[in-house]
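For reference, the structure is listed below as structure tokens.
Letters A, B, C and D name the chains as they come in the text, with residue numbers starting at 1 for each one.
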Amino acid sequence: MIFFRSDYSQGAHPDVLEALIKTNAEHTDGYGLDPHCERAAKMVKDFIGRDDCGVHMMVGGTPTNVALIAAALRPYESVIAPRTGHIYIHETGAVEATGHRVVAMNGVNGKLTPELIDLARDEFEDEHTPLPRLVYISQPTETGSIYSKAELTAISEKCKEKNMLLYIDGARLGVALTCKDNDTTIEELAALCDAFYIGGTKNGALFGEALVIFDPDTEKNFRFFMKRQCGLLAKGRLIGVQFEALLEGGRESAFYKIAKEMNRTADRLKEGLKALGTEFYSESQTNQLFPVFTKKVKEELEKDFFFHQWAPEKNGKVPVRLVTSWGTTDKEVDAFLNRVKELTK
Amino acid sequence: MIFFRSDYSQGAHPDVLEALIKTNAEHTDGYGLDPHCERAAKMVKDFIGRDDCGVHMMVGGTPTNVALIAAALRPYESVIAPRTGHIYIHETGAVEATGHRVVAMNGVNGKLTPELIDLARDEFEDEHTPLPRLVYISQPTETGSIYSKAELTAISEKCKEKNMLLYIDGARLGVALTCKDNDTTIEELAALCDAFYIGGTKNGALFGEALVIFDPDTEKNFRFFMKRQCGLLAKGRLIGVQFEALLEGGRESAFYKIAKEMNRTADRLKEGLKALGTEFYSESQTNQLFPVFTKKVKEELEKDFFFHQWAPEKNGKVPVRLVTSWGTTDKEVDAFLNRVKELTK
Amino acid sequence: MIFFRSDYSQGAHPDVLEALIKTNAEHTDGYGLDPHCERAAKMVKDFIGRDDCGVHMMVGGTPTNVALIAAALRPYESVIAPRTGHIYIHETGAVEATGHRVVAMNGVNGKLTPELIDLARDEFEDEHTPLPRLVYISQPTETGSIYSKAELTAISEKCKEKNMLLYIDGARLGVALTCKDNDTTIEELAALCDAFYIGGTKNGALFGEALVIFDPDTEKNFRFFMKRQCGLLAKGRLIGVQFEALLEGGRESAFYKIAKEMNRTADRLKEGLKALGTEFYSESQTNQLFPVFTKKVKEELEKDFFFHQWAPEKNGKVPVRLVTSWGTTDKEVDAFLNRVKELTK
Amino acid sequence: MIFFRSDYSQGAHPDVLEALIKTNAEHTDGYGLDPHCERAAKMVKDFIGRDDCGVHMMVGGTPTNVALIAAALRPYESVIAPRTGHIYIHETGAVEATGHRVVAMNGVNGKLTPELIDLARDEFEDEHTPLPRLVYISQPTETGSIYSKAELTAISEKCKEKNMLLYIDGARLGVALTCKDNDTTIEELAALCDAFYIGGTKNGALFGEALVIFDPDTEKNFRFFMKRQCGLLAKGRLIGVQFEALLEGGRESAFYKIAKEMNRTADRLKEGLKALGTEFYSESQTNQLFPVFTKKVKEELEKDFFFHQWAPEKNGKVPVRLVTSWGTTDKEVDAFLNRVKELTK
């Protein structure tokens, strides 16, 4: 069975695993209060060229989103997100579990726009409505698309205009930064938002995300939120160790190399499918692809390949999701393409 | 100043006030455990011709909605509502404050449909998404429209098909039941849902709503939810006394008479405005009207009349809301019509 | 049946009812945005001789406590209260429903002390523990005792020392201010805390409490909390009207007169019971008394009198609660005393 | 620096690390839906000799406690715990964040008793109080003591009598099961409760806890709670892999060996300290010790050893906590004992 199921179907990238092995016997304090987390935080700051922020090593994406949002908002405030956003469709209402509404807007190819933010704000009238105070977007989006620098800038300015904070979920930030269409550096992205995170889980780590908070009110006492929202690992240094391994070398780091490789295999897959005349459910620029197959072809493919059905069957056609991972090989990609070719010729 | 601000801008209808005065010196137990609440509950059961339900005297609409929804759902379950529903736009996220998502769907003239319920359900995949388990609608809707018996039946059947409960917010139930277009009796409405309430606040009471729960799992230990969600009044008998006064006489009761009168004055206002060529923002069948005036006309009207701007100005035109109340007189209606006539001729 | 069940077993004091009748036909805006609420707030400010505060007309005690606490605390902060405090024993965990811990301390005759506050604070270590940030006390306590000025001052100073806010639940504030043992004026009490409320429900109103907030961070956007925590009444002016009636006349107001009368009949009852050799479960200084009867005497008394059993039977003895209300008469008190005399001679 | 800071100051026990390395390149589905988690769950069931339960691989102790408690309780229900329990003192109110009260009782040497449970239940009266429905205890307790079989049985029977569930936090279950004083097998412990977990983090894993749920209502749809309360890891198989490594071999497994070794070094430390005349703050039977040193001795020790101050200094004496870990050596223990000897002779 060949996996295009997700970017987290294997363990850690060898560089990351090596670091975990090497540091395994060390004794450190727990809960992220250790030299590895400290050094990793320093590396993150160097990576983005900023020092005016808090950096927190979080155990996973959902606790990161939930802790950040809970820390940023007063109880009656809400967060605006695309209806395809991770906090809306894939976190079982964990944000609402903290009492906050996610104001879901039908995005454009998975993306929010200043106009959509205005529309969401127009629903607010006075103390009878939750007050939108935070905008949540993902770079790349859940459907693989990326915001251009111009788009990010427009959203950032809209947030400032409306006295809202901007938070960017970077679960797959690596593939956004390294994909062909990207025109935004991480320094630029950081400058446009009030908080964002660099995803490790989907970029070669066993787990772990590095959350960066610029907004001082959100940063204040943030560790209480980490613990309370279950984002704090007892052996927290494990996350620090992994980010040290990922970020070492800056633009030449494992973080970038892994991301580039995922994009490269995804591009090979996309181009191959296009050459075979496959249609796509939505346009992706990164390592998630959403081809549409007939029900029969899909069922045949499932005999050898493991992937995710993305949306319900409609008129005999099924959108699926293919994801490349740090371990995806050209051979695996080609096997898939060959099988599609056989099935659709 | 003449008020078309809301259906709760005056105190109680004289019949209700009289009952409060007459019973004022009585001693009873608190928190709704008194003979008046007991008798009112019995009257509600007779009113709907059902005995297999709990009836609770609640202090207001928001605690009623919140307590009912909190009691009906497990933590990971969500409620589907029209985007114009009261729980979405006018309760400051009180439902989300209990941890539940309100899945907001763009309704058709303020109404949900079976198709919209299907769409909302399609967002659910597995344990990564909140599970829609309750459908919330209002009769009449927030924009004055009413569901026909056929529409209510279709929604009710869709809920059963999808193993969901149906809850009907009846804050203004009286005007729905007594408006010209209505084809659903209260017995029929009750038979189609798992819970609903008969609104008092907007139908001549000082405050108070009579909540009826058919679903036994929701009814179980419901008084804990009443207290916890701030819907339980210390002098709870006040609500019982008011519903006794409102419901006495069944179809000839004050409840129906007040509602009919609100519809009558609203109809007079609507017909008058139509005759003057006024356009409307949305079609209403009950005691809320949504005419559109030019900014200038609206500002002139505000000198003598108090009403609510409904939506932002657009191209110089402003949708407003006019509501008739138990005390609205023909004279007040005619004064408004005359002024519009002067301003628009 | 004669009621010593609670201080809210009848309707409104005649002065309050009169005001409601007189203003019933007036049209005003809803949700407390009306001239009566405005004037009542001004009267409260005059009453306490302060202008640097927000005053809010709340529908009942539980939503008042919950909204205030939710507004005062960040999510990870907790409130310290006596284990007999209303928020701990009589609100069904409504405070915890907003996510905040109530740190319950075994009080001394129902009262907190600076030492108990220190003990509660010592449980706090770092971000692994909720941070106590608010102290909740009631004046009088749930068991009828009152804090002296020296005790209130010591608690207030302890709060300042520990960077905590002090909130005083004044559900029965009237009887505290007017009882024989009291040495604290309302101005002094106000000066010692960050928020408190003047209880209406238990002091002659149909319902309603006047919440006073000095802490500016808590006051900011407080109306969102009122709505979200179900403390905002649609016909909010009803609370304003009642407080106008209660507070008119300052020290000679109905508020003080009603409270004094409740204390007078309670004193008559207490002295009478003491003369009959009745023992008491706890010492009260206000209108709640906690005599202990044998099971047999208690059951005999229940044939003519309605009251509350306070604690489980122990060794054949049962602590009960007797409460005098605005309508309690000397005749009712004497009837009770005579019956006890007959049963215990 | 020698660490007696915690039982999680190093990485994974070599057996566990080896398993992670060996399986690193495998592709599996995410979120615990993989063959390793399945096999680990089967091994847990064999380990306890039961098949009528759900077994879930959770990322850490706090999400385990929170998800279990949230799944077990209706919103108005509460959990009884010792005041030293982990959910009360070390989880930042994460349980209260789900809306549930933790009813904290002053335990006896860190332990609850049937009498304390009765006391907590006596606080419950009716719908004005949260309803205690779950009892939370830890085996061993936070202060290192263990419940005897007789004590566990008595608590279990009390829970049944009062219609409450019993949940046992087994963060350090290994050392309880293998300490000298223990008289309860894991099969017996499992039979006495409705849910418990086998702790991995503090018993040689990088992280991970295996939660076992017998109560069918709690088990139903539990995966929603795992995700919603941030206890579900994307690469969930990592927890399965670790528990496979830990539990392989039953009574001869790494799980037991690691635990025994932690107890052995702790006993060596305890006996050594006793021989030196050190007094203890509380009696421990497992791998956490609570000696009391003078302030001066404590400060000297801190130059070479890293440990945790347990309680505030009192009269010049400071209780500290020493914990042995899977990697603790006799040499480290003896170094500590020698230094104490030098400092206290």
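Please note the rule applied: contacts are C-beta pairs under 8 Å (C-beta built on N, C-alpha and C of every residue); 3 or more make two chains touch, one makes a residue touch a chain.
Everything quoted here is computed from the prediction, not taken from an experiment.
Considering every other chain in turn, the ones in contact with both chain C and chain D prove to be A, B. Under the contact definition, chain A and chain B share the contacting chains C, D. Ranking every chain by how far its Cα centroid lies from the centroid of chain D, the top place goes to B. The rotation that brings the Cα trace of chain B onto that of chain C spans 180°, given to the nearest 5. Rounded to whole angstrom, the centroid-to-centroid distance between chain A and chain D, based on C-alpha atoms, equals 33 Å. Per-chain CA centroids place chain B at a distance of 51 Å from chain D. Each of the following residues of chain B touches two or more other chains: 75-76, 91-93, 97-99, 127-128, 224, 227-228. Touching chain C in their complex are the following residues of chain B: 1-3, 5-6, 8-12, 17, 20-21, 23-30, 59-63, 66, 91-94, 97-98, 201-202, 206-207, 224, 227-235, 238, 306, 327.
By the touch rule above, chain A contacts chain B in their complex via residues 75-76, 78, 89-93, 96-102, 104, 122-123, 125, 127-130, 312. Taken together, the chain C residues at the contact with chain A in this complex read 31, 70, 74-76, 98-99, 127-128, 131, 221, 223-228.
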